[in-house]
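I have placed the structure first, in the form of structure tokens, so that the comments after it can refer back to it.
Read from first to last, the chains carry the letters A, B, C, D, E and F; within each, the first residue is number 1.
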Amino acid sequence: MESNRYTRGQEALARIHGHIGEGVMDTLKDIAPDFARFIIEFPYGDIYSRGVLSPKERQIATIASLTTLGNAPTELKAHIQGSLNVGCTRQEIVEVIIQMAVYAGFPAAVNALLVAKEVFAELDKNKGSM
Amino acid sequence: MESNRYTRGQEALARIHGHIGEGVMDTLKDIAPDFARFIIEFPYGDIYSRGVLSPKERQIATIASLTTLGNAPTELKAHIQGSLNVGCTRQEIVEVIIQMAVYAGFPAAVNALLVAKEVFAELDKNKGSM
Amino acid sequence: MESNRYTRGQEALARIHGHIGEGVMDTLKDIAPDFARFIIEFPYGDIYSRGVLSPKERQIATIASLTTLGNAPTELKAHIQGSLNVGCTRQEIVEVIIQMAVYAGFPAAVNALLVAKEVFAELDKNKGSM
Amino acid sequence: MESNRYTRGQEALARIHGHIGEGVMDTLKDIAPDFARFIIEFPYGDIYSRGVLSPKERQIATIASLTTLGNAPTELKAHIQGSLNVGCTRQEIVEVIIQMAVYAGFPAAVNALLVAKEVFAELDKNKGSM
Amino acid sequence: MESNRYTRGQEALARIHGHIGEGVMDTLKDIAPDFARFIIEFPYGDIYSRGVLSPKERQIATIASLTTLGNAPTELKAHIQGSLNVGCTRQEIVEVIIQMAVYAGFPAAVNALLVAKEVFAELDKNKGSM
Amino acid sequence: MESNRYTRGQEALARIHGHIGEGVMDTLKDIAPDFARFIIEFPYGDIYSRGVLSPKERQIATIASLTTLGNAPTELKAHIQGSLNVGCTRQEIVEVIIQMAVYAGFPAAVNALLVAKEVFAELDKNKGSM
């Protein structure tokens, strides 16, 4: 069962973040290999693999939380990209962030919008270079 | 247009929170009447009245944010009730809160679940007394 | 000089919080007597005794900070009372809290307004009973 | 292996929190049974069961974190009691909290000291009634 | 009236931030044009245009809040510059930040002082090049 | 006695941070000389000079707190280095950070691990160049 959690987690990680997810895990592996495994097993294997909410609804919750935290721009970037991967539109992501001005304040929303802008610009650039 | 924002806000407030929303506004009116008006105009008139996201998706974002903040149990309670009002199931609300353990830590998720438990128990009690 | 800090701190504490300040210190004295002394020496002896800002301006900064933190209602209550003691009006205190909706979100502002409302009601009640 | 995590977690939970730990889990079981299981498996089965740090050192880190968060008094209470159970002295717990004034501010430290005072008073009362 | 809010907001924005304010708005306009408008209308048109507090007192509250949040250096920078524009001295800004060590901890104060240092250095450099 | 606090603080600062501590103080001295003195006197002279906890235990508490705050990477870096200086192993530091995933969320732990990785890499590089 334990190995099921890991496999299930890897699949969820790949579904949401594509190849970028593996890169983050590799960065952590030499300093904290067990923790890299925990990330795959618990958030991805246990949580993102659950039903009840659609993948899109889970990403809405995550974008809202990371915008509210306001101090995890790298994770926010990864999850904005992930939100697009599971079917959110750019407009929907922007809309979730705007709503956070109400709960987490305007600076939190502005800073998250600038992260979203960066993600969208990179995507447009990559598309342009293809 | 200004009065449109207020009317639109009152409608959104009523749609999400029912009569309880008015009660909260009344509590604020004697100490900060302008601010009570701002709450109706900006979060409800400007934000919750926008399209792009469904009312259910907006509540998912709000539950995620309030669970992450961890210091606004009264607002969380109001929005758990509001989430049920716009069509979220209890299970979906619980699921959003569980996911927040990943981003805001386990204490934030546990405390929000206890708020949800309280809301659900009150609803069951009221139903029982009808 | 050390004893100067303590004396200066006690004076600042009394000037801002009146007799209530001593009560808080007494509560801490049996569990952490050194820390009770540190509070008098550092925040009150070193910081609130400085010039540059007026006592009223210092309280504006403190109300803003405690509203933003959102998890220290007891301290906020003590400093709303303290703000009145050094010459802020109720309206000014309310105004600082309202402004915090922009930076710390609406729940933070609403909750701080409810604390202010409580302080003002207690004052009116005590005045009424004299 | 999965069942190992659960068993290991239950043992760690009992070692740190005694019978009180079970009570908290029971409270969560009817609203979010999977999450109650996750708490036993991940924080207790995966994290608190690791070596490298002594149980006492792990509690020092937890007291520091919960004091810094400032919005989880119930968890702080449970871990102050847990710290005593694994061999921390009252004075050591107080000392960790005092140090947090430097990083999380004085209100965070004062509020955590008041929680510690409550835990110690309950223990003294129970001792007295035996 | 709606257009009044926008005009009033633009005036407040210009009064506090000068031409830099427009730049920030332009950055947001392509990703979230409505939100750029909301920022002008609500924080600047509704809040900073109110009386009761002087412009200087409002900036003191904002510097305190942004220092306490600790994760919005760009906004802090803009408001340190804005504080100078409405008549705060450098020493007063530094003093507000120092006081925040008491409520938000020393790292929050140190990091805000480094932002202030950066703003002051840029101003001195620009003055030198005139 | 006041000068004792300063001397005691300088000794604690040097013991924990080596020569780097002085550098940070110098950076603050021109913008806020009194605050640079306060840092030496209060956190280092009053707190880190106390007994009860070992230097290693104090660093565990600090690493836990700074990881939980999540917005003070410079201070975290200085205290990871300081933890090594007072006898913590790399593995112990990593272990404290991993545990914080439970209380402050996974992004807080991941970001702190990346700071630790940077500190360790710099140390290895400097060792290699000797």
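Observations
Operating definition for what follows: a residue touches a chain if its C-beta (ideal position, glycine included) is under 8 Å from a C-beta of that chain, and two chains touch if they have at least 3 such contacts.
Please read these numbers as outputs of a predicted model, since none were measured by experiment.
Chains touching both chain A and chain F: B, C, D, E.
Using the mean of the Cα atoms as each chain's centre, the chain most removed from chain B is F.
Chain centre most remote from that of chain E: D (centre = mean of CA atoms). More inter-chain C-beta contacts link the pair C-E than the other of C-D and C-E. Centre-to-centre, using mean CA coordinates, chain E is 30 Å away from chain F. Each chain gets one centre point, the mean of its Cα atoms, and the points for chain C and chain F are 30 Å apart. Annotation for chain C: residues touching 2 or more other chains are 34, 38, 42-43, 50, 66, 69-72, 75, 98, 101-108.
Listed in rising order, the residues of chain B touching chain C in the complex are 24, 27-28, 30-32, 34-35, 38-39, 43, 66, 69-72, 74-75.
Residue ranges on chain A touching chain B, taken from their complex, read 42-43, 47-48, 50, 52-53, 57-58, 60-69, 72, 75, 91-92, 95-96, 98-104. Across the complex, chain B is touched by residues 1-5, 34, 38, 42, 46, 50 of chain E.
Residues 101-108 of chain C touch chain A in their complex. On chain A, the positions that touch chain E within their shared complex are 70-71, 94, 97-98, 101, 105-111, 113-114, 116-117, 120.
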